[in-house]
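Residue numbering begins at 1 within each chain, and the chains themselves are lettered A, B and C in the order written.
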C-alpha cells in the first residue's frame, strides 16, 4: 500500500454562520495525482487555502509526512515542502521570468539576509531556475518581464515557481481557469509530464482534464467530502451522480 | 479635594473625547467608505474655528456666527471635494497623502494670509457664560458642559442617521463593500461627495464650538488630526460606534494621564522624579494605548466586517 | 503603489551614471567656492545633502518596500537629540554620538516597526504618524534639554578630540562622504538577496509567502536599517545648525521627506537626492518671493501629484532615453 504524504483530519471553516468546509478528511498518497472536484461554492478554494495555510482552520489538523503543520504559516508550510498555485495567477509581474523562479530557489538556498552581491547574478540560483523553466517549456522566455507573458505562459511560470521550491506536494488551484482550448491543452500535457514525479492535489472544473489525469478523485459537495475513489468508481457512484454529475449531464 | 479634581478632569476628558468624536466621525466614514486617507481633515476643523470667529465678530452673536460658519464649512468641504479629492479616489494612498498634505500647507498659510498670524479669540456667549455648581466644592463652566451636551447630541443624531435612514444604510454598506453598493445602481460619486461634505461640516462644527475655549490659530488642527487618527485606529476604520468609544477613551486617558500621572508615579518614585517621568510619559500614554490595542486587535476594537 | 512609479523590479538602467555625475558635481562645488562663490551656497547644499541622506533612507522602505512611513522625521530627531544630549554631558566625540544615534534610532525602529508592520495600508500610515508624534511629545517633555524651545549646542562635534568640523569645507566633505556611502550601501542592499526579497514583497507579498519567505522579517529589518541611516542624518543636521528642537520631529517634517522622495522619483535612490535638492531650492526661492510661499507650494504639490508621474528622475530618464533612442 502506498504511503500517505498529506493527511487532512476533520478540517472545518466557517465565516460567521456560513459553514464553508465541514469534517473534511482526506489522505493523499505519495506520487499520486489526486483531484478534488465539486460544484461551484462547494468550498474547494477554501480547502486549498486551509491546507496551504493562507486561511486558518477553525478546527481539524493538517499532517505533512506525519508532522502536524496546522499551526504553521503559509511560508513555513512552503518551506516544509507544500507548494501551491493560485486560481488567479500569482507571480511578480515586474521581475524577469528567470528572477521569478530564482527567488523561489533563493528561498531555500541559504540565508536571504545577505546585503552585498547582486542576487540576479548568482549562477547557482539562475542555473536551477533555468532548469525549472525548461521543464515547463518557458526556457526561451527567461529574460522577459513576467508581466508581458500571455495568460497561459503565466500559468506555466507559476508552476515553474512552485517546482523550484522542491515541493513534496503540489497544490494546484484550477490551473486551467480562464484558458483557451489550446493553452489548456499545453497545461494538461505539462501536468501529464509531472504526474508520477510529484504528488499533486488538483482542484479543477474541467471534467475531461480531471478524469484523464487523476489517479483518484474526491468529490466535495457543500463543504463535505461525499466520495473518494478511482475515476471509474466516481463515475459510477450514485451519490456523486445525484449531487454533481447529474447536474452536468442534465445541463 | 481629590474627588473634585477627579470629577473636573473627567469632565475635561469627556469634552476632549466629544470633540475628537466629531472630527473622527467624518474622517472614519471617509476612510471606510472611500478607502481614502484625508490628512486635510484637521485643517477643516481649524477653518470651522476661524469661520466662527469671523462670523461672530461680524454679527456680534456667537450663535449667529455658528449658524453661518456651518454652511460655509460645508461649502468649503464640497469645493475641496470638487477641486481635489474626487480626482484622488482611484489613486493609491501615497498620492492621497501627498495631495492632502499640499492642502494642509496651503490652508495653514492661507488663514495667516487672510486673518493674520496672531491668534484670534472668541468670547464665550453670554447666555452660556459663568459656571454652575455640580456638587459640593465643584463648579464647572456652563459653556464646557454645553459643548459636551452638544457633542453627545450630535453623536446620537449621527447614530440615528446612520442606522435608520436610507442614506445611512448606503453609507454603512459602502463602508463594508463599496463596489457592491455601486453595482446596486447607487451613484457612488454623489454618495462620496455627500459623506465628504458632511464630514467636513462636522469637523468645522467641532472647530466652531471650541473657538471660545482655545486660541484660534494656524496649525490648531494638526495635532488634533493625529489624535483623531489614534481614535480611528483604536476604534476600527469605518466604525462610528468604534470612533465614539475610542474618542471618549482617548480623551479620558489623555486628560487624566496628564493630570494624575505624576501623582500615581509618586507612589513609586520620589516627588521630582515622579513629576519629570510623569511629564514625559503622560503625552505618550495614548500612543502606548494604541500600540497595545493594535497588538491584540490589529484591525481595532470594532472592525467593520468586509 | 500603482500610480507614482511603474513597478521597477529589475535594476537595469543608467541611474548609476546619473548618480556619479551628481556626486562629482557636489565634490567640485567647494573648489568653486575657493574661486569666490558664496559660502551661503555651501551651507545650503550641505543642508540639501543632509536631507538627501534622510530621504534616501526613507526611499529604502517607501520605494523598495511599499511601506508608507509617515513618522520618519522622528529618527532624524533622535539622531539630533543624541548629539545634543551627549554634548550637554560633555561627550562631544562624533563617533560616540553617531554610534548612540544609530543604536537608539534602530531600537526605536525595531519597537515601533514591530507594532506598525502588523498592519497594512492606511493603518500603517496612521500608526507610523502616531509613533512619530509620540517621539515629538517625548522631546517636548524633555525640560532638561530645552523642552519646547530646543537646545543650543556650544560647538560642533569633535573627531579624536580635534575641532575639524568647525571648518565649513571639511564639514561639507564629511556630509558628502556620508551621502555617497549611503547611496552605495543602499544600492548594494537593494540589488542583493535581501533587497530582492524586499522588492518581491512590494509587488506580491502572498506570492513571496508561497515560496517560503516571511515578509515581516524582511520588512522589519529594512525598517530598522532605514531608521538607523535616518538617525545618522540627524547627527549631521544637529552639527550643521548647532541647535536641536522638537521641530525636527514634527510630522510636517515627515511629510516633507515623503515629498522629497516622491518629487525626485521613488524607488530610485538617486531620486530622493534630486528631490531634496529641488524641494529645498524651491522653498528657498519661493520664500524669497513671499512669506506666504506655502500657499504657492501646496497647490504646486497637488498639481505634481495629479499630473506628474515618476518624479524628476522619471522625467530625466524620459528625456535622455529619448535622445539615446
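One rule holds in what follows: a residue touches a chain if its C-beta (ideal position, glycine included) is under 8 Å from a C-beta of that chain, and two chains touch if they have at least 3 such contacts.
Because the structure is predicted, anything quoted here is derived from the model rather than measured.
S.K.: Work out the mean Cα position per chain and let me know which chain is farthest from chain C.
M.R.: A
S.K.: Name the most central chain, where centre means the mean of Cα atoms.
M.R.: C
S.K.: Using mean C-alpha positions as chain centres, tell me how far chain B is from chain C in Å, no decimals.
M.R.: A distance of 31 Å separates the two centres.
S.K.: Compute the distance, rounded to whole Å, between the mean C-alpha positions of chain A and chain B.
M.R.: Each chain's C-alpha centroid was found; their separation is 49 Å.
S.K.: Cα centroid separation between chain A and chain C, in whole Å?
M.R.: A distance of 43 Å separates the two centres.
S.K.: Per the contact definition, I'd like the list of chain C residues that touch chain B in the complex.
M.R.: The touching residues are 1-4, 62, 68, 70, 112, 115, 118-119, 121-123, 125-127, 129-131, 133-134, 137-138, 140-144, 251-252, 255, 258-259, 262, 292-295, 297-302, 304-306.
S.K.: In the complex of these two chains, what residues of chain B are touching chain C?
M.R.: Chain B reaches chain C through residues 31, 35, 37, 39, 84, 87-88, 91-95, 97-99, 101-110, 112-113, 222-223, 226, 229-230, 232-233, 237, 276, 279-280, 282-284, 287-288, 290-291, 294-295, 298-299.
S.K.: Under the stated contact criterion, what part of chain C meets chain A in this complex?
M.R.: The touching residues are 7-11, 188-189, 191-197, 199-200, 203-204, 206-214, 218, 221.
S.K.: Show which residues of chain A lie in contact with chain C when the two form their complex.
M.R.: 52, 54, 73-76, 78-79, 83-84, 86, 90-96, 99, 103-104, 106-108, 111-120, 122, 145, 147, 161, 164-165
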